[in-house]
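Some notes on the structure that comes next.
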Amino acid sequence: MKNVLEIKDLSLWVKKTGIQILKNISFGIERGEVVGIIGESGSGKSMTCMAILQLLNKRIFNINGNVIFNNSDLMKMGKEKLKIIGKDISLVMQNPMTAFNPTLRIGTQITETIRVHNKMSGKQAYEMGIEALEKVHLNRTKELMHSYPHMLSGGMLQRIMLAITLMLEPKIVIADEATTALDVNTQAMVLEHFCQMKKNNISLIVVTHDFGVIAKLADYVIVMKDGEIVEQANVFDIFDRPNHEYTKQLLDARILTGGR
Amino acid sequence: MFRDIIKNTQAMVGLTILLIIFIFALFAPYLAQNDPVDVNPVLKFKEPSSNYPLGTDNLGRCVYSRLIHGARYSLFIAIPILFSLAFISIILGTITAYYGGLFDKILNVICNIFMAFPPLIIVLSLVGSLGQGMINIAVSVVISMWVWFVRVIRSYVLEEKNKQYVISARISGCSDFRIILKHIMPNTMPQIIVYFSTGISGIILMISGFAFLGIGIEKGLPEWGAMLSDGKSNLYSNPQLLIYPGVCILLTAAGFNLFGEALRDIISKEEG
Amino acid sequence: MIQVNDIYKTYKIKDKYGNKSTLNAVNGVSFTLKENTSYSLVGQSGSGKSTLAKLLVFVEKSTEGEIFIDGENLSLLSKDQIRKKRSNFQMVMQDAKSSLNPKYTVFESISEPLLIFEKLSKNQLNHRVMNLLNMVELPQELTERYPHQLSGGQLKRICIARAIALNPKLIVFDEAVSGLDVTVRKKILELLIRLRKKLSATYLFITHDIDVALFLSKNVFVMKDGVIVEYNQNANDFSSFKHEYSKLLIKSLPPVYPSQNNNLKVNII
């Protein structure tokens, strides 16, 4: 199968200090495939996402390489064109609290997002929003639409975030530590939603430091350390036959008791 | 931090301006050639000359000498005001924020009452009842401004008090006094210094403003605001009489502001 | 021995319309912690586990109930009397970076409790701090560093050193390892186990991760909505948990090994 998104030789430097943050990152992702990027803090995994989404300030960073999506290179695109692509690639961040505007009701934020991308009346958008919330199995959707972000828990907000993401029917979803701040059972719920996305043929890039999330979701794993890919392989290969010392360390640290 | 200040151009520009003004204020009697209050009607509106470097005003007083002595008034009124404000507000703000409770609530009500009036009105009425004089104006400015400073410091301390290291200090057995003195104070001090160094320019402007209105400073004293006021009757014939003190006020205020804002940048960078 | 008798913590809260209501963060909890033993407490966020930790080290005062340490009822003491007893119970908080004063060097941070409770000469103090650094396996060169110059794992170790400085009877670890990288987490956990052998005290590990809880102790409390729902005194493995909620927590753990079936099962709880 052909890759939906392909990253070729992505490198990144801080202009002022000349420090290299990413070194020759290359990988591809197929339709409906889940690529898991695993690494510890400072490994450059979040920076990779930001670079793919063209969210980095070019005055601070020097970026090299290609990010090819639908046969076009995102790195060479103007802002207007990127906006159109923006609908196809979505980002789910770690802290859902900061992703929402605290002064607006959830409903307003959802309907606004819908109306930016589709031409429809407010009422239609509202109904579409409720439908989207129901899709991620949220209850009491009308109440949710009327509440402010601070009234809801982190897990709830993260699920609403997913609802909004799904509603836009993206081709690729990038989840940057999307479950790190959540409790174990809320995490389990959010992970199930990601599984559902995968079933709907949405490609996923899951960035995490937790091999549990990788085991649950990923088909293909990229292990990063200090801005470099140290190992990349199929999930089963990574778990069964890790090659690199660092991968072994990470895998080893993951299991504490294993339920004994 | 000192190294950062030296590296920062804005801070250095502000600091240089302030340093020059301070030197003028401190050594005014030696730097000024003539007595700033010496009236000599024969010599009014003289062009600049070697005796009168910036000429004379409508009463024949040396403008240059008056400006230099003016620096004394501006700074030597503003700085004691600042110190008393700092003293009151740091003590009250820290204690109310740290302990909270009834005292905090009462202080809050008092603050609200004071803040309902613009400082100008409070000063006007106080000077009206206390009478003219530099001490009186200083006292009235302190009374009109302290609530604003207490409020700000209270908010800084409140923010700091809820940080985890304060809790962990308490767990380690620190007394309230030690927590305030050794933990909260050192961490709020940079912000407080910044606030005061920008606040002082406000005070200088305020005093000059009052002097312009003829409040507080006795007639004839070489205060910049008063000089502005004196000069305004000769606005068309001798505009320089307004421009000189105006520029002085502007420079002093700008010096403090530049330095304060640069300090703020440096500190926020340190924290971030 | 630490004995907790039926403690409650009630917060008064106001909703958006100004209606007052109460929230029982800890809703009647009793247990006994033996000397020289470690315990774990598992619960989700909002279960009241952090509040319970704060009550145990008297950062907050319980609304009702008593806490005995070695037979002495500490709930009756005044704030100042409690302060003098603080060397007996210490806590390590979740976020190591924010629980250290940013203006203090490592040496100052670690020596602070010693300065307050013990009269030591400069040499003795130096010696004690170096000793503590050894205990938490930190190099001595770090003493003059500031928190922002240290890594997450190092900061955590400093917090631990501060807590053990006074040889307390009870040490509470609130989310001791959450927010750390996996490899660092493992190292800190191993350090805790080694420390336990060297330093006799009652250890209480509070965590949301049942795996961590099991790793650290055989005595596991499970807490939900301010109540302890299960006390497993012989927690050898996951199957020894009996309560429904404990089983749910275990079921929610992400898988250890990938499986094709797991990936496609859609099951919303």
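Each chain gets a letter, A, B and C, in the order it is written, and its residues are counted from 1.
Operating definition for what follows: contacts are C-beta pairs under 8 Å (C-beta built on N, C-alpha and C of every residue); 3 or more make two chains touch, one makes a residue touch a chain.
Just so it is clear, the model here is predicted, and its values are computed rather than measured.
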Would you mind checking which pair of chains has the most C-beta pairs in contact? A-C
Please flag the chain sitting at the greatest distance from chain A, going by CA centroids. B
Roughly how many whole angstrom separate the Cα centroids of chain A and chain C? 32
State, to the nearest whole Å, the distance from the C-alpha centre of chain A to the C-alpha centre of chain B. 52
Chain centre separation in whole Å, for chain C relative to chain B (CA means): 49
Note which residues of chain C are touching chain A in the complex, please. 16, 44-46, 152, 181-186, 189, 208-212, 214-215, 236-239, 248-258, 262-269
Of all residues in chain B, which touch chain C in the complex? 163-165, 167-175, 178, 183, 186-187, 271
Interface with chain B, chain C side, in the complex: residues 57, 59, 83-84, 86-87, 90-91, 93, 95, 98-103, 112-113, 116-117, 159, 162-163, 166
In the complex, the residues of chain A that touch chain C are 40-41, 137, 151, 153, 183-185, 187-189, 191-192, 195-196, 198-199, 209-218, 235-236, 239, 249-250, 252-260
